Amino acid sequence: MTGPEERLAELGLIVPEVAKPVAAYVPAVRSGNHVFTSGQLPMRDGELMATGKVGGEVSAEEAYTYAQQCALNAIAAVKAEVGDLALVKRVVKVVAFVASTPDFTGQPGVANGASELFGTVFGGVHARSAVGVPVLPLDSPVEVELVVEV
Amino acid sequence: MTGPEERLAELGLIVPEVAKPVAAYVPAVRSGNHVFTSGQLPMRDGELMATGKVGGEVSAEEAYTYAQQCALNAIAAVKAEVGDLALVKRVVKVVAFVASTPDFTGQPGVANGASELFGTVFGGVHARSAVGVPVLPLDSPVEVELVVEV
Amino acid sequence: MTGPEERLAELGLIVPEVAKPVAAYVPAVRSGNHVFTSGQLPMRDGELMATGKVGGEVSAEEAYTYAQQCALNAIAAVKAEVGDLALVKRVVKVVAFVASTPDFTGQPGVANGASELFGTVFGGVHARSAVGVPVLPLDSPVEVELVVEV
């Protein structure tokens, strides 16, 4: 019987600390049986892992790993809200915003960095949208938001 | 007494086959009384109907028809998840991402291609966001996601 | 005992009229215990307050005030749907789309114009995503959508 955190550990990952609430928004909110996360950036140890546009100074392969970090931060946000990741019944929806050069059309491959981590950790499948954007907060290459059912 | 599929038939449309689940995400997920679809591209018979940016090589009129095809694929995704479109009580929310040249500001007109089909098929009205983006997966001109209540 | 409308009044704001439903979508839809708004533009007295891109002809400070107006219109949409803003239990999720020049990375500061108004009016905290986009409907600088629990 392994739970979500054990499956993360098998990947060599641990649930990071969540940044403290800032201003008027927070990393995640529970409403009924759902938890909605804020858009998560690839912060690690308090710093953005990279800046720039995918298809330009950021490669698709690098962006995949940043999407995974966004997903890990989303998992941390959910954990901080509900206390125990084993309470997550299902990942419902993922949206991946990829800061893209105008000719980069591989957003789904980047978003797989998040989707595959969610699949490994929580099992099951989810709905997803992946879109290109010109620029993200702090010049982040990727931003991922998440809705889970608890 | 006509149902959603009969209303589609009156438009000369049928619910297409849904692409098989790919990797770690699927076309739609049910959670409680809601079905969330993935972002749908204007795929028809397994191929993207067009590529490019609206306001550039794709006209607003063409993009309207692509948004309709996205909507049709979203309907197919919902049907595959719940079995019978007559179970849909309400279209709740539609988001239309329109790959746009920087000077194209007619995203609402494009999104109407989806909204009007949903209105015809399911009746009622829904909330909607329409936004421009620089580029979409596979260089698709439009992507539409959907939340319905069942 | 002050309610949401009193708190708006303390800011010198009143809930505006909601634009009539257009075509196949409406400003807000209730589904179960949630109200989903359409993407709101900074319309005031029936006109867009400004056009253009943040980081270009629109400053971040101006965009903050436009995001606040979007939020006010979202509040109006919710009120029109549920009748009384005191029924709102919680702001669940806010998404802010900011029409941005490629080098503008201050989307969170712009989105605070919406978040801080929601915090003042409804109390509590919410989840949020803020992203850059190249262009919005009518060349609006900002678009905000909202999910509340009632």
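A few comments on the model shown:
As written, the chain order gives the labels A, B and C, with residue 1 at the start of each chain.
Just so it is clear, a residue touches a chain if its C-beta (ideal position, glycine included) is under 8 Å from a C-beta of that chain, and two chains touch if they have at least 3 such contacts.
This structure is a prediction, so every number in the text was calculated from the model and none was measured.
The best fit of Cα atoms from chain B onto chain C calls for a rotation angle of 120°, in steps of 5.
Shared numbers divided by all numbers used gives the overlap of an interface; between chain A and chain C this overlap falls below half, so the copies present different residues. In this assembly, the C-alpha centroid of chain A lies 24 Å from the C-alpha centroid of chain C. Annotation for chain A: residues 32, 133-134 touch two or more other chains. The touching residues of chain C, counted against chain A in their complex, run 32-34, 90, 92-94, 100-108, 112, 115-116, 118-119, 125-134, 147, 149.
On the chain B side of its complex with chain A, the touching residues are 21, 23-29, 31-32, 36-39, 95, 97, 99, 133-139, 143, 145.
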